[in-house]
Amino acid sequence: MADSASNGAFVEFDRVQKSYDGETLVVKDLNLSLPRGEFLTMLGPSGSGKTTCLMMLAGFETATHGDIRLGGTSINNIPPHKRGIGMVFQNYALFPHMTIAENLSFPLEVRKMGKTEREEKIKRALDMVEMGAFGGRRPSQLSGGQQQRVALARALVFEPELVLMDEPLGALDKQLREKMQFEITNLAHNLGITTVYVTHDQTEALTMSDRVAVFDDGRIQQLDPPDTLYEAPQNSFVAQFIGENNTLEGTVKEINNGLALIQLDDGELIDAMPVHDSVKPGARTRVSIRPERVEYNKDRIQEGAHTLKAEVKEFIYMGDIFRTRLSVAGNDEFVIKTRNAPDVERLQPGQQIEIGWLPQDCRALDA
Amino acid sequence: MKLTKLAALAATTALCAPAAFAQEMANEMTLVSWGGAYQSSQIKAYVEPYLEMHPEVKVTWDESSAEAVAKLRAMNEAGNVTWDLVDVVASDSMRLCDEGLAVEIDPSADLAAAPDGTSAEDDFGDLLVSECFVPQIVYSTTFGYRTDLVGDTAPTSVCDVFDLEAYPGKRSLQKRPIDNMEWALFCDGVAKEDIYDTLGTDEGVSQALAKLDTIKDQVVWWTAGAETPQLLADGEVVMGSTFNGRLFSAIAEQNQPIGMLWDMQSFDLDGWIVPEGLPADRKARVMDFLKFATDTQRLADQAKYISYGPARASSAPLVGTHAELGIDMAPHMPTDPANATNVHIYDYEWWADNRDDLNAKFEAWLAK
Amino acid sequence: MSDMTDTAGPVLAADGTPLKRSLARALRRQKLRALLLIAPLLIFILVSFILPVVDMLYRSVQNGIVTNTLPRTVEALADWDASTGELPDEVVYAALAADLKEAAEAKIHTKVGTRLNYENPGMSSMFRKTGRKAKKFDLEAGGPWKEELIDINKGWGEHDNWRTIQTYSPTITSGYFLNAVDMRVGTDGPEMRPEDEQIYMKLLGRTLWMSLAITSCCILLAYPVAWLLANLPARKANILMILVLLPFWTSLLVRTSAWKILLQQQGVINDILVYVGLVADDSRLVIINNQFGTIVAMTHILLPFMILPMYSVMQTINPSYLRAAKSLGATDWTAFWRVYFPQTVPGIGAGSILVFILAIGYYITPALVGGTKGTFISNQIAFHISTSLNWGLASALGAILLAVVLVLYWAYDKIVGIDNVKLG
């Protein structure tokens, strides 16, 4: 978890709670701080509290308890229009009765900016998203991607220090989405603005962010840079939620030399990294192994790797990789991914094979 | 099928007067009336007795008398007359007759003579105001006043309506020139027999409207007969004109503190017309019913249920007591000598000629 | 493909017929099928809407009755010069006698009397009275007809009556329309009616401004209600919606009468005001039987027609627009006025057109609560339809009302744009 007291934090959530009905908490004790210029993504399944956090930051929801600070001052009682936070909405929320230029002019007009200055800023903002030629059009005359760019330009045109984005790419097709992910990240970094980005798409979170906060059940489960998040998930939720993952359940027998010996439910013994605090002798645990860290070609199984018997259930040719579903230690949904190479054997369903992985790729997490 | 029809015909002829011999009669009749207490008086006085004599006949009611003329015209244009007998006021019967929408009635052939042998024509007398019209009742448009709101001296003259000093407060009048113009002229000093001559001139119209102008601010104009009794009951007006039967039921049946002002009551007639263009069998049925429903006894019976005077001279002595209240009906009849000391006879012919013109002037005056 | 388009001749379908013809044939079948599908609706609209409107427009100018009933008279009267001030000669009277005899036998003489009476009071009884005697006319032996007819009714000796017959002998007349705009055919062409008979233009003006007032009241009252409907949680919104629709389940007369009870001088509102002490007992407010009463009652009755289109438009406005506006720095008011309100204009437009058009055609409510100053032109139309039976005048008034609505519709299109009208 981030240290909420760290100096130089630009946005801070300090023990924030939120309840809508007075019975259940949607956000439970949220602590989060991000420095100026960071691109932070709030990732989580729907109902995890991530959007509520964003809305509290924007000022559309009030925190039930705790403090939200921006640049060191509490903004709990500042109405949204005085917070100076740019926001991009899921459905773009471009005003349909205004032209693109008028949409961009709106935040400048309410700030009583002069006409020439406005026009200059609008032009700059539209050029920035390569929409300079579309100022006279109405939102309905633009494609989804174009509207997305305009929404971005509008959120940036009044030069806010903080920009919030609420699943802004959700409505775009895959190709356009990937292009926009790249553009948004670039823009944010080039302009040096602080960004809080909400999504439920983990790929988006991993590719765009400096840090990702994984939300579940009203709490941040893990807050880390993307690579740490993927490679070193702190608990089984994060391991499951980020990327593909295999789990094997068992009981911790003992911990030796920084390795936990785990007896799987079918009796097999394996070594794993004890990651979660709850991994103590006698405790139940879930062991997490990434599919691409498992090998079945005898030549490729490294020294010191743990090996296990497995039965092939399904073999799928996916071009760059092979995806194989196996039955391992009683788990029929054990998936491994193997890079397509001339020397890799193509398996048949029903075939008995031996697989192996390194103990350090195998993480013992909470049950 | 044919057999049952024949049997029905035989039964009808056996029961009924010889008039039924000539023509096969339809067994369905659509009667059009005003609804409410008036229609029930008709049902009790002659429709139910007729149906007892002719159980094979089925009667359907349509409460459309208020729009009867327009609807009959529309039916006639469409060539599909669904009504068999229509209850209308005298002026409407004249319009229907003028438009050729109603059948001309021959009183001697189509209507029953009085029990003493007086012909129907003489028995109805002057009340046969149109060739197509069979009058049933005489009603009057007259004034009622709140006995508790008019001070110590109750109004006795129609001109008290125009006297705001003696009787302050609102009064309700019907939203049409008929009656109001005549009352205004009468109270402005025009002799009763000169009223229509005066009203025929532009000056006369101005004179009448000027008289009405003196009370215009205090007038609530009504369009439905039920309004004045309600306005009186609510205390919204101290006096108001309406049909005498409406006032009777407010006074006798609902015990409202309302008094009758019979002075210059305006007589009008209500009666039947038979639409033009009926098929022979339907017409035969309806003429048979009409003869029965307008005979001396039936018209006298109707007065047991509603305080309107029978249109036949021979019916008057037969008027008895109210069927439910048991009170003597004669003193409540507009035609009762005590009530009819000063009556206004409304000139149908004159109004038929001048109604459109006066209405335009009246409406323009109202809108001023 | 490419070589097909390169060749000069027409493109051919697989069976060798020109592609165009083959396509047209295929489309024709489709169109025919589509037409058959909508035929019931088309016929229904034609019969129940278009035809009556056409019939109404025709009635407002139709005047065949005079020529049809009095053909000989009209022909003989064609040569008569009314401006000389002299009565027509014996030929015309003889023609009239023949026409009247025939008409009286067919019982249609009173109809033409009624028609001419609209223009010249008194002609109805002239025809009725003369008609009674006309059946017994002996056309061969009788006469001279001038004296005989004047003897039967002195109206036949009045120059004005003859001028009326002549003026209204053409089969098409502008008389009804002139009447509907408070004019008449005078000796020197159309002229205004005397002031004490001018009414329709005044009523039309009143109808229009009161309908506008009612529409404005409806907008003011409906807007917050529609907003609540669109923004409350579903359960509460449903209850509110039922309350909005409830009046539709009550008879119009009942609702209007309820307003009478509330608004009359001895009514609930005055009673409360007197009880509270705001108004003295002897100076109770007059809030019914005038324009105020009509506006209040009709605003209430027409309110749902404003709320529903507004609601359906507001429902489509995503709340994120308001949030976006606020995040861009707009205050609540600016966000509402510059972002929310403009998007609701189509709903306001649709509701206004609906309410306005319904309002100018209303007659029951104004008749009951309008008194003398709160009635509409539709009350006169209703009067001429059902009481005076002057359907020609009623049609002319209706046609004028229709024209006014169309002009306003056109103006709305010019100013606001008709694309800007949405029912949801």
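Labels for the chains are A, B and C, by order of writing; each one numbers its residues from 1.
Criterion: a contact is a pair of C-beta atoms (placed from the backbone, for glycine too) under 8 Å apart; a residue touches a chain by one contact, two chains touch by 3 or more.
This is a predicted model, so every value here is computed, not measured.
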Touching chain sets, computed without chain C: A | B
item	value
Central chain (distance from its CA mean to the mean of all protein CA atoms)	C
Euclidean distance of C-alpha centroids - chain A vs chain B, Å	88
Distance from the mean Cα position of chain C to that of chain A, given in whole angstrom	65
Whole-Å separation of chain centres (CA-atom averages), chain B against chain C	32
Chain C - residues contacting chain B, complex	107-108, 110-111, 113-114, 117-118, 121-125, 128, 193, 195-199, 202-203, 206, 264-267, 289, 367-368, 371-373, 375, 380, 383, 385-391
Chain C contact footprint on chain A (complex, rising order)	58-60, 79-87, 89-91, 93, 95-97, 106-107, 110-111, 154-155, 158, 164
Of chain B, residues touching chain C in the complex	66-67, 69-70, 73, 95, 97-100, 170, 175, 205-206, 209, 220-221, 223, 234-236, 349-350, 352-357, 359-361, 363-367
Footprint of chain A on chain C - complex, ascending	318, 320-321, 323-332, 334-335, 338-339, 342-343
